[in-house]
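Some structures are shown below for you to check.
Common to both upcoming complexes is chain A, partnered first by chain B, then by chain C.
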Partner chain A sequence: MDIATATPVPAVSARRKQPFNWRLLIRAIASWIVTLVIVFPIIFLVMTAFKTELQAIEVPTQWFFTPTLEGFHEVQERSDYLLYARNSLITSIGSTLLGLAIAAPAAYSMAFFRTRKTRDLLMWMLSTKFMPAVGALVPIYVIAQQTQLLDSVLGLTIVFTLSNLPIMVWMLYTNFKEIPPEILEAVRMDGADLWGEFRHVLLPLAMGGLASTGLLCLVLSWNEAFWSLNLTAAKAGTLAALIAQYSSPEGLFWAKLSAASLMAIAPIVVFGWFSQKQLVQGLTFGAVK
Partner chain B sequence: MTAITRQRQPSRLLPRLLMAPAVGTLFLWMIVPLVMTVYFSTIRYNLMQPEATGFIGLANYEFFVTDPSFGTAVLNTLVLLASVIAITVVGGIALALLINDPFPGRGVVRMLLISPFFVMPTVNALMWKHMMMNPIYGVFAQVAQFFGAQPIDFMADWPLLAVIIMVAWQWLPFACLIFITALQSMNREQLEAAGMDGANYLQQLRYMYLPHLGRSIAVVIMIELIFLLSVFAEIFTTTGGGPGDASTNVAFLIYKQALLGFDAGVASAGALLAVVLANIVAVFLVRMIGKNLD
Partner chain C sequence: MAFLQLRSIEKFFGELRAIKGVDLVIEKGEFIVFVGPSGCGKSTLLRLIAGLEVIDGGSLWLEGKEITDLPSSKRDLAMVFQSYALYPHMTVAENMSFALRIAKVDPRIIDEKVQRAAKILNLTPYLDRAPRALSGGQRQRVAIGRSIVRSPKVFLFDEPLSNLDAALRGQTRVEIAKLHRDLGATTIYVTHDQVEAMTLADRIVVLRDGLIEQVGTPLELYDKPANQFVAQFIGSPQMNVLPVAQVPGLRTLVQSVPEGGFVGLRPESLNVGPAGQGHLQGRIELVEALGAETLIYVSADGGVQLVARQDTRTPLRAGDAVGISVDAANAHVFDAQGRVLRAAQRAAAG
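Entry: the complex of A and B
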């Protein structure tokens, strides 16, 4: 390396270092404040969950108190949390796996055998999502009733799968499109059969897209409220429906409401924290080149 | 090249076969309810009056459209849609620019920031309604009192604003994280060069950041559009559409007709109008941003 190009570099960074640190500090403080403001409702919810009912509605808010598990006990006594949690778990995992199984082949086909109609097909799939779910409520309710799928975990899983399918296809398609088709062609030239091509080349390359699509579907199904409120009752209700039971008349039982809410969101939020990098990568829908 | 294409000709069947399950199920998922809805919308079908039946033409549509709630609901839907998209896109870009560069604890900030996206709508709604917006015990009321102001009764006076806040809170982190991911692929050298050439921050924003974010803005709007047209749980668990129709959107109005009014016929007519409305909005937006989605 010659001196002419090497010397200016440290000079520039040294000159910049002094003012840059101030900006860094301000930036860090501002970021933290904004983040805490945004997350504040959740922090407040977690705090309230560990209070007694009286402490919960005390004004001004108590920030330091002896935590109690009273709220959690009462929630478990009043309603079978585990049943709802189990339903949430089965429907979200079930619809994710089923959705991937249906969406992945379609997305593969659209990405690697593109025709002029591919874009139209994709737009058509997405357009089925533009219809508010409530538009299909009466027919779906009637069908579910006729087929004994009302208030059943299976029925809810199917509905979740179908309502997530367009987004899953779209997301997988944009992910698969990034895989250079030349790789697959090269493998094919080398004489690999379809299974070999899939198993050793496509699957490893598509893993990221499949993972983030699965994650999104998991989150959407876990949090889905419309269908679970309207298609289930005591048997197949998910956590989202359980929480809705705590709406109006019980308005001021904040500790119980918070405890139930915390139990409903904790699994998916913690899960989300640890998978957010993967999730966000896939969510860009090819927007990042 | 020709060899490859010729080789692939016979396997035209395979892509179609792979596509069939998705296309088939989605087609059924769309067409069966649609046909049933069209049918229901032209007959007398009130769950409370099972003896009253028969074809009544467009009477259900007339009833739904002439209901004064209809106009309010359409307007509320559009206001909700526009406000949340505006808040999340502008706020998301601002936030993304703020935390784009490294600083101590950036990883934790990113992790915490996405939390609202994982909170289910029913919890989101009840949390805001009670703990934040309650006019006596809520956090907002306490803050207002601290500054000597009159606490706002959101549910009574500003119900639509309350719903907008809840929904925007949920989608802001989502938008922000997508923008951050996009910002990370920006050309640092170009930015520095622009800075050296004396481009101020606003100019950099206008000519460098925003054009780079174009595609992600399109994606964010597209996804939010899908979910915002059918906002339901936030309204259902908090305001119940009220007071009056102040926070009723089209989705909730149909729901009221179907399950609270027991009139499946009118609700079906409303559902079809909602589909038309949704598609108008969609076509309009897809035209606008569609070229960014390819």
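Entry: the complex of A and C
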């Protein structure tokens, strides 16, 4: 489930009274419809999570029922939720910090010390995202196996970092490019060294971009499923792996699957909700300056 | 002793040799202006001195110490940028005190210096404002304030007035001149505007294609230009440079002009009179009556364009046939390569 698309789009509010604005009304209705279509699977998931297995497979769907925590209990009993949650937390925060530490200097040099090759290099980095992840599965799996990083939190963190790096460098690069280079030259003339330049000017001016890049990376890593499923087993599995446990092999248990999914996505949805202003601000940094 | 010395400074951008070996000695307290057409390397030369570009050849000396490879932050120079380059997230006071705070100067001394600079620049009421709440002229004053607070060894100005409108430009120019007189700080100022160069400079450095064409006081350059380029670059409207091949009459008028050479005449050395009189005949193309002075553009025999300046008004109009008399004593003589053979005699004597 992609959380980024699941946050509801705020509808256009019809504030002006006179005269009646039909276009605004149509736009409001249209945006509500779009929002409901996007949010519907989430609502359905939440409902199913609070049903019994029998209620969950009933057709037609029951919209009103007595909620039960049965699914959650069973998930908690059968698997160690906290272990998976901890793994998710460590891998997403770890890959975000590691990614920022690598992407920020890279983007800095590309934005402020451009050469003729800079554009090509950026395109090449992005092009690595054109390839399906499964194309790199065998080599990455073998490398992980050889280096004892299979089913380890460290290995997963490194893979997450690598897979997010191109996007992080791009986001930070476009963000840094908004800062006039003369400002950094002025800092140097004012006697600041590289660290001072970073701390006193680059960091405050690029804070929005750094924050939104970090947030996006956090969300992407949290939601990542492909590598967590393929590179982990019992020890380093993330919440994505936890969800997958409930879809096979003994057939589908909708209520338990939904309960597990809800427990997996709830933290990041709440997190995204609170930081959405920052996310949007960072993504539109140049436009609203 | 030389205060700031450039020794055969060179700069390459890829294959392009942007600065082709520049030697220059600047004394303490001097106001030096780098002037030249776009792409002549004047801004690059300033950035090399600032340390914002790497010097590829030669060496740079400040107070007897070599600073060729010293980073900008260690050179103790201050720069005022064309785009002001203020720190948008700091107030005016924070902008002005930044360098001192970095240097960990006592906060009381910082405050004192900021207040004094703000007073000099009329910025006291704006100290708590953000740069975006200021007008262009005020921003430029903050940028200047940021450099004077530090009392650096050298002030560097990179076309500081080109983003201001004409009235403000004139006013700020006067302020900069006054500031330099009061502080007596060594200053290097880059501009493409020769009026700024003439009014501000102790000495002007005229650059072309990465080379110094001539160094001298404003009037030296005006009266004794080393070549045709400097002669035409300094002075507005520019000097009339006539090829003798097209105007053979000049050879009898002005002595010892070589084959293929040129005669240079400032607009004030030409006098427009009735047709049939004077040394050259022509027809008026345009009259610019500026009030205090009148500029008369004439298309003369031999197909040459001339401009004459007089400080009286004229009844003449476009299309009138006129005769032009030439003040031969104030003629400059250039050879076929544009090098000066003889500067204006009266000016040279004076």
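To be clear about the criterion, the second predicted complex is superposed on the first by the 250 of 289 C-alpha atoms of A that agree within 3 Å, B and C clash if a C-alpha of one lies under 4 Å from a C-alpha of the other, contacts with A are read in each partner's own complex, and residues count from 1 in each chain.
Heads up, the rule we're going with is that contacts are C-beta pairs under 8 Å (C-beta built on N, C-alpha and C of every residue); 3 or more make two chains touch, one makes a residue touch a chain.
It should be emphasised that the depicted structure is a prediction, and the values quoted were computed from it without experimental measurement.
Enquirer: So, does A:Glu182 touch the first partner chain B, the second partner chain C, both, or neither?
Expert: second
Enquirer: Of the two partner chains, chain B (first) and chain C (second), which one does A:Lys235 touch, if any: first, second, both, or neither?
Expert: neither
Enquirer: Using the superposition on chain A described above, determine whether A:Gln276 touches chain B (first), chain C (second), both, or neither.
Expert: first
Enquirer: Scan A:Asp190 for contacts with chain B and chain C and give back first, second, both or neither.
Expert: Touch status of A:Asp190: second partner only.
Enquirer: Can A:Lys117 be said to touch chain B (first), chain C (second), both, or neither?
Expert: After superposing on A, A:Lys117 lies clear of both chain B and chain C.
Enquirer: Between chain B (first) and chain C (second), which, if any, makes contact with A:Leu205: first, second, both or neither?
Expert: second
Enquirer: Chain A residues in contact: does chain B have more, or chain C?
Expert: Residues of chain A touched, chain B against chain C: more for B.
Enquirer: Do chain B and chain C land on any of the same chain A residues, and which?
Expert: Residues common to the chain A contacts of chain C and of chain B are 185, listed in rising order.
Enquirer: Note which residues of chain A are touching chain B in the complex, please.
Expert: 24, 27-28, 30-32, 34-35, 38-42, 44-45, 48, 57, 59-61, 102-103, 105-106, 108-110, 112-113, 119, 121, 123, 125-140, 142-143, 162, 165-167, 169, 185, 219, 222-223, 225-226, 229-230, 239-241, 243-244, 246-248, 251-252, 254, 257-258, 261, 264-265, 268-269, 271-273, 276, 280-281, 283-289
Enquirer: Enumerate the contact residues on chain B facing chain A in the complex.
Expert: 4, 14-16, 18-19, 21-23, 25-26, 29-30, 32-33, 36-37, 40, 95, 98-99, 101, 103-106, 109-123, 126-128, 130-132, 136-137, 139, 142, 169, 172-174, 177-178, 180-182, 184-185, 215-216, 218-219, 222-223, 225-226, 229-230, 232-233, 236-238, 240, 250-252, 254-255, 258-259, 264, 267-268, 271-272, 274-275, 278-279, 281-282, 286, 290, 292-294
Enquirer: Please output the residues of chain A touching chain C within their complex, sorted ascending.
Expert: 180, 182-183, 185-193, 196, 200-201, 204-205
Enquirer: Where on chain C does chain A make contact in their complex?
Expert: It is residues 50-52, 71-74, 76-79, 81-83, 85-89, 98-99, 102-103, 146, 150, 156 of chain C that touch chain A.
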